[in-house]
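What follows is a pair of complexes built around subunit A, which joins subunit B in one and subunit C in the other.
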Partner chain A sequence: MAPRSFLFGAQKFDLRHAIMLAGFAVLLIVPLFGDAYLVRIASRIVVLSMVAVSLDILLGYGGLISFGHAMFLGSGGYVVGVLAFFGVENGFVAYPAAILLSVTLAALVGLIVLRTVGVYFIMITLAFAQMLYYLANAIRIGEDYGGDEGLPLSRRSPLFGILNFDDPAVFHYFALAVLLAILFVSYKLVHSRFGRVIEACRDNERRAKSLGYDTFRYRLVAFMISGGIAGLAGAMHMNLQKFVSPDELHWIISGDLLIMVIVGGANSLIGPIIGTSVFVLLEEGISNYTEHWMAIFGPLLILVVLFGRRGIYGLIRPRGEGGGEGR
Partner chain B sequence: MNDPVLAVEGLTKRFGALIANEEIDIDVRRGEVHAVIGPNGAGKTTFISQLAGELPPDTGRIALNGRDITALPVHRRALLGMARSYQITSVIPSFTALENVAFAAQAVDGHSYRFWRPAQAAHHLNEKALAILGEIGIADRSGVLAKNLAHGEHRQLEIAMALATDPQLLLLDEPTAGMGPGATESMIGFLDTLKGRYSILLIEHDMDVVFSLADRISALVNGRRVATDTPDSIRRNAEVRRAYLGDRADRLVLPQAGA
Partner chain C sequence: MTGLLIAEQILNGVQLGIMLFLMAAGLTLIFGIMDFVNLTHGSLYMLGGFFGAQSIAWLTALTGWTDVWPLTVVFTLGVLLGVLITVALGAVLEFSIFRRLYVGSHLDHVLATFGLLLFFNEFAKILFGSEPMDVPKPPSLITPIELVPGMTYSSYRLAITAVGIAVAIGLYLLISRTRIGMLIRAGASNREMVGGLGMNINRLYTLVFALGAGLAALAGVMTTPLTSVQVGIGEEIMILTFVVIVIGGIGSIRGAFFASILIGVIDTMGRFLLPMFLGYTAGPAVAAMAIYLAMACVLFFRPSGLFAAGRG
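Showing the complex of A and B:
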């Protein structure tokens, strides 16, 4: 029984670790070039990676293909936006509030969607996110706020007086620290007893039940944890862009998130970050030349799904290493 | 002996026009092996699925240790001491054999809302799992992913998982299904070691298995229980012979001649 590895938990250093280290190093030094555009792209990778990791907990570990994960990106973002509108800027209020509301949203949505499985689950999560999308479009505050106009953020939620988050580099390092914390917590989570229940439910829910597990409740808690992490990411995303709009909630975003996780490699935590990086870089790179950048990303997606069931991360994984593979 | 572990009264299950179980009364006494036999489609699996809670009965009542569990969900029944093995192997394919059994043991080791410590570090669960795998004879396969195990090993793992939940009542649905003669024999040997330690409801096609293990046998025909008696009496029971054995009468003779 080989222990599963986290970063340097593995016995031997291999290609995966080299790529992870290189990627982390790049994210670390990008701000040193002083190019605001590059920092912005790097920060986007970091923040969207948080959502992708949270989605992977559901998809890769729980076998729950949520096609509505953008709803938490939106809920987190809107909490920050609405609080700021009412004059509450403090990050120590905004971020916890974003997490709390997203966990609550996940609990309410989860109570309904987790009663379905398979294609029905995909459709009903999609439906919920679209419902919120239309809701966000409909609700306005006064003339210029909310609705399809979205909400602006004049100043990034301050946390400690000395740190100026409006400096892109400072915010970037903050986001990077949050991502690492999320990775660590997620790693602990998926290898815990709770994680074992979630993976067993993915493989064989019926068996888990007949052993004595209340699978619905375990899944609900997983859904809430995932929603909470995604909500925090949504708050970070809002801070990064200093703007949130209903577009954040659109099903296309939910689809993009699924693509990031699947292309990068579900059931690995690192895979979703690789997928997000590739996605964002291609989006930024190719969309400069053609609007139809999906025409290039689409075939890549098909190739990855055809040749590596575990995505890019699976391709660079050393041969013979098992790990929990499911579905 | 006086209070049965399991008491079933008037259990009926219909699938449309088909009556899969009709007014079945059966009890399992403490420590006994109660076998349920019957031809294909007699309703044996349907019966066990209702006991385990996967299928809701149309009418009837199920009591475990005197407590009415008819309306309880599957997981609650399991925690009350009911463990099931499936006719068609049902394990966690992406877990190793050891992880499968440790996962089963975890179910009765308090709640699993434990988010931080690695599950692998729960030594008492691993040790318990390894001991059970050793007992059933596949300890050397403990590190193999369940999906890579052979069919016979799956059957053994299936039973090991059921045992790891510290059950009082074992519901075994054809534990030797699809096994070769050699493997069947060693499974019988293992099940024999469980005799007296657990109360067992055993569904089985294989008459050798049934007659070598059962304390009592109930015969199911077309969803109806036609007899419940000791193996010897069942052998001689005219109704069972006529109704159930029919084409199998020859097979019934075999263990008798051997006994």
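Showing the complex of A and C:
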């Protein structure tokens, strides 16, 4: 197989690259229209894409169906919120702290959930996320904050004194830059030796073990990396909304994230971004017409599972190329 | 005095545990036999509650009865009607959608049933509204009864616990003593072989699914007078049921039974005792986490549950 480099690779330019470039171009020029609503939607796509990419590392490459990824979205968000509550606003503290705590959480949770496989793994990740959901609901800070009220953020974590993040466009470009950085790191990761071992564990754990790889340890590290990226995304999400509440940790969010990855196309890193865009646009689009958008979206999802199993990215990917099925 | 309170809480815990068992028994059979991840089991619980509540309301209005025993009959009929409607729905679901999914991966199951769950939530909202729906307890079971001198307990809770235990015994007899039960057990240990021996495996699948739907609906509609039914109520109990199944071991009904009682009692006692010891800030937080911590402990030592069935 010819070596593939970031974004373009050695092959000729095809439909897939055109769609990717067009997508990024749209995300790039949205703020120029000056419509705050559009910028908000675009930023939501960018931030949720980060979580979807982190989930794809686990799901598409590691074959681990995490049904609890919302827990990291919440952990990252709550770190920013709690730090801000105690007067620490600096982004150079808040973002690394969010990553650090999420990685730690992933390590602790991973130690238990990764001992199981298959259906058990799905249900246990779900259960742990639910535990944190109840924890977030139960713990209050002071009289008025925390619990089901959530935590507000008075201003977005400043990074460099000059950048004014209260301008939605500036924050949008910052988020886009972070997403590109995450994509780059993830790309390097899944195409490294480490990434190959993770895929080997997915395809045939027994063989990987007999080759001498400590599959548990590899998976744990993958879980921690994925959790760390999702935690960073959680911190960005909190900054975008200027608010975090237990709703962030709700298990429906974990399900939504799985949908984004699968509908877009797992095992591709780009697919999840497409999936997130489609999900957010559909949500905004259908909910303009009816409050019961789930009644339309639910059956759509069943159709996708029954008839379109490779995801959107699988449809535009040239035949015979790309990794495994991601399961 | 505290002794009596604790005894009452233990009874409440057992009652919750029995309801959990009605959910878990069906779900663990569906996992064990069809190897199918079903997120709609909670929806069936919720829909069972709604159908039952609606049936009771209709029957009460239709008959116009007001006396104690006729109303109790109406209540019982309403419960049965709610269960029957849900059983039919379960069979239709299995026949029309789920059957096509068995060949797929667990991920396919999760996505498709997740979509279905979102649909059912909206469906219930459109049909029954987003306000909680109340059902009065049957009038014969309103007054608490005195179990031992000085200790009274809700007769309704006692009654549904008894019904749950009776159903559990019935389920045990069905599975261990009848031909259908033999097929179910055979299906759980090797379903290809059951099909290969000339049994109609598809009919068995539909039957197991309908049975599971009926048990979930029974739990849902019997709980309604205690908590009222509303959209989203099925998901909470479904995740609790997952915890039960994971602790008990997938595919094991015996495991599901012990784990259900365990989780029911831990959850109820945790909410009751922990705030007394840890104060009213930390107490509720730890209590909310108690069953998940119990699950983590069990899994750390027994990754496939306490009573794992033959295969992983």
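Assume the second predicted complex is superposed on the first by the 310 of 327 C-alpha atoms of A that agree within 3 Å, B and C clash if a C-alpha of one lies under 4 Å from a C-alpha of the other, contacts with A are read in each partner's own complex, and residues count from 1 in each chain.
Methods note: contacts are C-beta pairs under 8 Å (C-beta built on N, C-alpha and C of every residue); 3 or more make two chains touch, one makes a residue touch a chain.
Because the structure is a prediction, the values reported are computed rather than measured.
Participant: Quick check for you: in the superposed arrangement, does A:Leu135 touch first (subunit B), second (subunit C), both or neither?
Facilitator: A:Leu135 contacts subunit C only, not subunit B.
Participant: Identify the partner contact of A:Leu126: answer first if only subunit B is touched, second if only subunit C is, both if each is, neither if none is.
Facilitator: Only subunit C is touched by A:Leu126; subunit B is not.
Participant: Could you say whether A:Asp214 touches subunit B, subunit C, both of them, or neither, answering first, second, both or neither?
Facilitator: The answer is first: A:Asp214 touches subunit B but not subunit C.
Participant: Touching A:Arg155, do we find subunit B (first), subunit C (second), both, or neither?
Facilitator: neither
Participant: Specify the partner with more touching residues on subunit A, choosing between subunit B and subunit C.
Facilitator: C
Participant: Taking the superposition on A as described, I'd like to know which of subunit B and subunit C A:Arg196 touches: first, second, both or neither.
Facilitator: Touch status of A:Arg196: first partner only.
Participant: So, does A:Ile112 touch the first partner subunit B, the second partner subunit C, both, or neither?
Facilitator: second
Participant: For subunit A, give the residues common to its interface with subunit B and its interface with subunit C.
Facilitator: Comparing the two interfaces on subunit A, one with subunit B and one with subunit C, no residues are shared.
Participant: Which subunit C residues qualify as touching subunit A in the complex?
Facilitator: 31, 37, 97, 100-101, 104-108, 110-112, 114-123, 125-126, 235, 239, 242-243, 245-246, 250, 281, 284-285, 287-289, 292-293, 295-296, 299-300, 303-305, 312
Participant: Taking the touch rule as given, give the residues of subunit A at its contact with subunit C in the complex, in rising order.
Facilitator: Contact set of subunit A toward subunit C: 59, 65, 67, 112, 115-120, 122-124, 126-128, 130-131, 134-135, 137-140, 251-252, 255, 258-259, 262, 292, 294-295, 297-302, 304-306, 309, 327.
Participant: Using the touch definition up top, name the residues of subunit A that touch subunit B in the complex.
Facilitator: By the definition above, subunit A touches subunit B via 1, 3, 188-189, 191-197, 199-200, 203-204, 206-215, 218, 221, 322, 324-326.
Participant: Can you check the complex and tell me which residues of subunit B touch subunit A?
Facilitator: Against subunit A, subunit B makes touches at 52, 54, 73-75, 78-79, 83-84, 86, 90-96, 98-99, 103-104, 106-108, 112-120, 122, 142-143, 145, 161, 165.
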